[in-house]
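Would you mind keeping the following structure in view while I ask a few things?
Labels run A, B, C and D following the written order; every chain starts at residue 1.
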Amino acid sequence: MDTYKSLRMEAYEANMKLPQLGLVLFTFGNASAVDRGKGVFAIKPSGVPYKDLRPEDMVICDFEGQQVDGKLRPSSDTKTHAVLYKEWTDIGGVVHTHSTYGTAWAQAIKDIPIFGTTHADHLTTKIPCAPPMKDEYILGDYEHMTGYQIIDCLTEKNLDYRTNEMILVGSHAPFTWGNTVEKAVYNSAVCEEVAKMAFLTLQINPKTPALKETLIKKHFERKHGDSSYYGQGC
Amino acid sequence: MDTYKSLRMEAYEANMKLPQLGLVLFTFGNASAVDRGKGVFAIKPSGVPYKDLRPEDMVICDFEGQQVDGKLRPSSDTKTHAVLYKEWTDIGGVVHTHSTYGTAWAQAIKDIPIFGTTHADHLTTKIPCAPPMKDEYILGDYEHMTGYQIIDCLTEKNLDYRTNEMILVGSHAPFTWGNTVEKAVYNSAVCEEVAKMAFLTLQINPKTPALKETLIKKHFERKHGDSSYYGQGC
Amino acid sequence: MDTYKSLRMEAYEANMKLPQLGLVLFTFGNASAVDRGKGVFAIKPSGVPYKDLRPEDMVICDFEGQQVDGKLRPSSDTKTHAVLYKEWTDIGGVVHTHSTYGTAWAQAIKDIPIFGTTHADHLTTKIPCAPPMKDEYILGDYEHMTGYQIIDCLTEKNLDYRTNEMILVGSHAPFTWGNTVEKAVYNSAVCEEVAKMAFLTLQINPKTPALKETLIKKHFERKHGDSSYYGQGC
Amino acid sequence: MDTYKSLRMEAYEANMKLPQLGLVLFTFGNASAVDRGKGVFAIKPSGVPYKDLRPEDMVICDFEGQQVDGKLRPSSDTKTHAVLYKEWTDIGGVVHTHSTYGTAWAQAIKDIPIFGTTHADHLTTKIPCAPPMKDEYILGDYEHMTGYQIIDCLTEKNLDYRTNEMILVGSHAPFTWGNTVEKAVYNSAVCEEVAKMAFLTLQINPKTPALKETLIKKHFERKHGDSSYYGQGC
C-alpha cells in the first residue's frame, strides 16, 4: 500500500500535461505536487521520457530536497522545488519548463512587458526575469540557490508570490507555481502564450506602451479577489 | 423540454470549433448565437474548459445581458455580446477570442493593413483597431462599454458592420460577428490568418504598399454582393 | 458510368492533400488534374469545405475554362488553370494555395531569394513574384488574365515552366504546377517551406548572400536531368 | 535470413522518428546506424517517402560508401555518412535533416550562439556553421567532401566530435551524430529547438550576451562526465 499514491497521481497527471500543452521537448521540464500534511512533495524522476512515465515512478522528497520514497532518482531540479515549498508555505505545486518563447525571453534576460488583457488577467506587472546567478552560487549548491534566485528576485521587485505566480530565470527558463500543481501547469501555458504575444507585439510596434493601469486593475480583479466575477465561483 | 435546445446546440457547436481551429487557449474565448424571435442569445458559461462543455451548459441571456435561463454563470463578456445584438439587429452570432496574432496586433494598437487578396476576399479596408477604452468607461460598466467601444470605432471610421465583420479591441483582442455564429467563427479564423500574413509581410518588406483599389474591389465582389461568383450560390 | 472517374479521383486526392499538408485554411486553395487525351481537366468545386468534398464533386472543364461535366460550379480560379493547361501543353496538374509564408512573400511583392540547397534541389533561381496585375486586366477577364500574368512573368524573367514550377502572384498568393497534379501539390509544400526558411534566414542575417552558382547547379542536377542520382530512378 | 536485420530495424526506427519530431518534410532527411563489427551501416533509401518506408528497405553500405546489400539505391548523402563513420571510429549513428530553423541558420552562414542552459545542457560552445564548400570540392566528389567539410570545420574550431555532436553545413542544413543513432536523432531535435530559441532571443534582444562560462560548465557537467547527476545513471 502506497501512502503517497494520490500525491503521485496528482504529480503524474500534471507532468503528462506538459507535453500535451506543447511546453516540453523530450524531458525538458518537471512538475511537482505537495502534501503539506506529510511535509513532502512528489516530483518527476530525472531524465525519464514522458511516454515511459508511470504514476508509481514519481519520487517523494522532503523540503530539504532529500529523497523519502521511490526507486528512481528525482529530477535534477528537485532542490529548487524544495526551496520554494519550504519558503512559500501555501503553494501546492511547482512547474519548470523550457517552453520556447518563455525561454527566449529568459535567454534575452528581459522582463516580459505587460501589453494586454491576456497578461493582466493573470498578473498585474511584467513577468519578472531574475538576473543570471552569481558565480559563487553556481559553483555552490546550484539547484538550491536557483530557488533563492527566484525568491530574491520577487523580493527585490517587491512582488508577492501569491499574485505573481511565474518568473523567468535569466539565461535559463521559466518557473511557475500555484495553489495546486494543476494551477502551476496552467500558469506555465499562460506564461508561454503571453511570452509569444509580447514578442509579436514588439515586432509589430517596437514602441508599444505598457497596458494602462485602469485596464490592468480591471482585468486582474475580474479574475481575482473578493469582487471577481469570472468563472463559476467555485 | 428545453425551448432553447436548438439555440444552445448552435452556440455549443460554434464554441467547440474555437479550440479545434487553434484560436483559444484554455477558456480564452466565447461564441454566442442569437434567436431574434425570442429576443435572446445562448453563450458559453464563464471559465468552463472546452473539454467539459456540454450543449445544455450554454446560458440564455437577453439583449440587456440579463440571464434568462441556465444553471451556470454566463461568460464575463456577455454584456459586450448583448450590446452588439441590441444595436445591430441583423447579426446572428458573435465571437471573441485571444488568438495569438490578432491579439498581438490589438496589443500593438495598430490596424491590420490590407496587403493581399486573402484580406480583400473578406473586407475592403484595414481591420480596424479600436483605441483602448477611456478610464471612466473602464471604471463603469466595462463589458457593456466594450460593446460601444466596438460600435463607436466603426462609426468613427465610417465602416458598416454588415461588410466589416471583425475588429481588434486595442490592448485586448479580436471580436467578430456575422449573420450566423458559424460565420462569426469563420471570421475569427480569417482574422487570425490575415493578422499572421500581415505580420510576416511587414517583416519581409516594411514598405509594403496597401493592396490597390481595383484588386480590393475585384476580390471582395467575387465573394459578396449581387455579382459574386464564388461558392455554390446557396 | 462516369468517363471522368479516374481523373476526378486524381484531382480529389490532390485537393485533399492540401489541408493535410497545412497549406490551406477553409477553402483557400484548389488543385486540378488534366486529361490531355480528352482535352479537359478536373478541378475542385467553388467554396466547398474539404471535409465535405467527394470525388464525384470534382468539376470537368475544357481549356477555355468552360464547364463540361459536373453538378457544382467550378473553382473561381478555373480560368487561370485553363490558361496554363492551354499554353503549357505538357503540364499535368496545377495547384493554387494561400499558404501562409508564400502568401506573405507575394503580399510583400518580393521574389524569394535562393539561399540554400533546399531551394536549389527544386529550382535554380529565385522563386519569381509576378508584379500585381494592371488595372485594365483586373477589370477585364480577371482569372483568365491571372494565367497570362503568370506566363508573362516567366517570359520576362526568361524562365522555363518545365524547370521553374512555382510562382508568386504579387499581392495574391502562390501557384504551382508539374507534370502531374501530385507533383504540383509537392511543389506547393516546397514553396511554402522554402518561403519560411528564406524569411527566417533574412531575419537572422539580412545580408545573406545568394547561394553560389556551383552549389545551385550541383544540387539541381542531383535531382534533375540525365545525370541525376537522387531517388530510385523510376 | 537477413544478417543485417537488427541493424536495419535500428536505422528504420530512427528514420521514422524524423517526421514524427517535425524535422523533415517529404524525404528531406536521412538517418543511419552502424555495425562496427561488420564494418557497415544501414541508411535510408534515396527519395522514398517515410509513409512507404519498411525496415527491409534500409540499404547496407561500407565505410567507402559502397552498397553492400539491399535492393534500393541508398540516400544521396550516403558518402557523407560513410566518411564520418570512417574517420570517427566511435560514433554509432548519423542524422541529416533540413529542419526549418537549423537550416535557416545554415543558410545565413552563422554559428548558433550559446544563449542559455538548454544549449549548455548539450554542448559548451556555439553550434558551428561550416563555411560553404570550395568550388573544386563541389565539382569533385561532393557528398564525400561534405564529410570532410564537417570534419575540417571541427578541427579548425578545435572542437571534439565526442562532445560537439552537431554542426550546420553552410548554405545547406544540419548534420548530427552520436554514440547511437537514437542519440543522433535526439541531437537533431535539440539542434532545431536551440536554433529556434536563439533566433527568438536575438529578435527580442539583439545584444544578448553569450551565456557565462560558469553556467555553461555547470549545465554541461550536470548531464555529462563522471560527476553528472542528470538522469537515472544507466
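The definition used in the following text is that contacts are C-beta pairs under 8 Å (C-beta built on N, C-alpha and C of every residue); 3 or more make two chains touch, one makes a residue touch a chain.
Source: prediction; values computed, not measured.
Visitor: Report same or different for the chain C and chain D interface, where same means the shared residue numbers exceed half of all residue numbers found there.
Guide: different
Visitor: So if I superpose chain A on chain B by CA, what angle comes out, to the nearest 5°?
Guide: 90
Visitor: Report the inter-chain centroid distance for chain C and chain D in whole angstrom, where each centroid is the mean of the CA atoms.
Guide: Each chain reduced to its C-alpha mean, chain C and chain D end up 33 Å apart.
Visitor: Which integer distance in Å separates the CA centroid of chain B from that of chain D?
Guide: Roughly 46 Å separates the two chain centres.
Visitor: For chain A, which residues are shared contacts with two or more other chains?
Guide: Correct list: 203.
Visitor: What is the complete set of touching chain pairs?
Guide: The set of touching chain pairs is A-B, A-D, B-C, C-D.
Visitor: Show which residues of chain B lie in contact with chain C when the two form their complex.
Guide: Per the stated touch rule, the residues are 115-118, 186, 189-190, 193, 196-198, 200-201, 203-205, 208-209, 211-212, 214-215, 218, 222, 229-233.
Visitor: Using the touch rule from the top, collect the residues of chain D that touch chain C in their complex.
Guide: The touching residues are 25-26, 28, 45-48, 72-73, 76, 98, 100-101, 103-110, 132-133, 135, 138-139, 142, 171-173, 199, 202-203.
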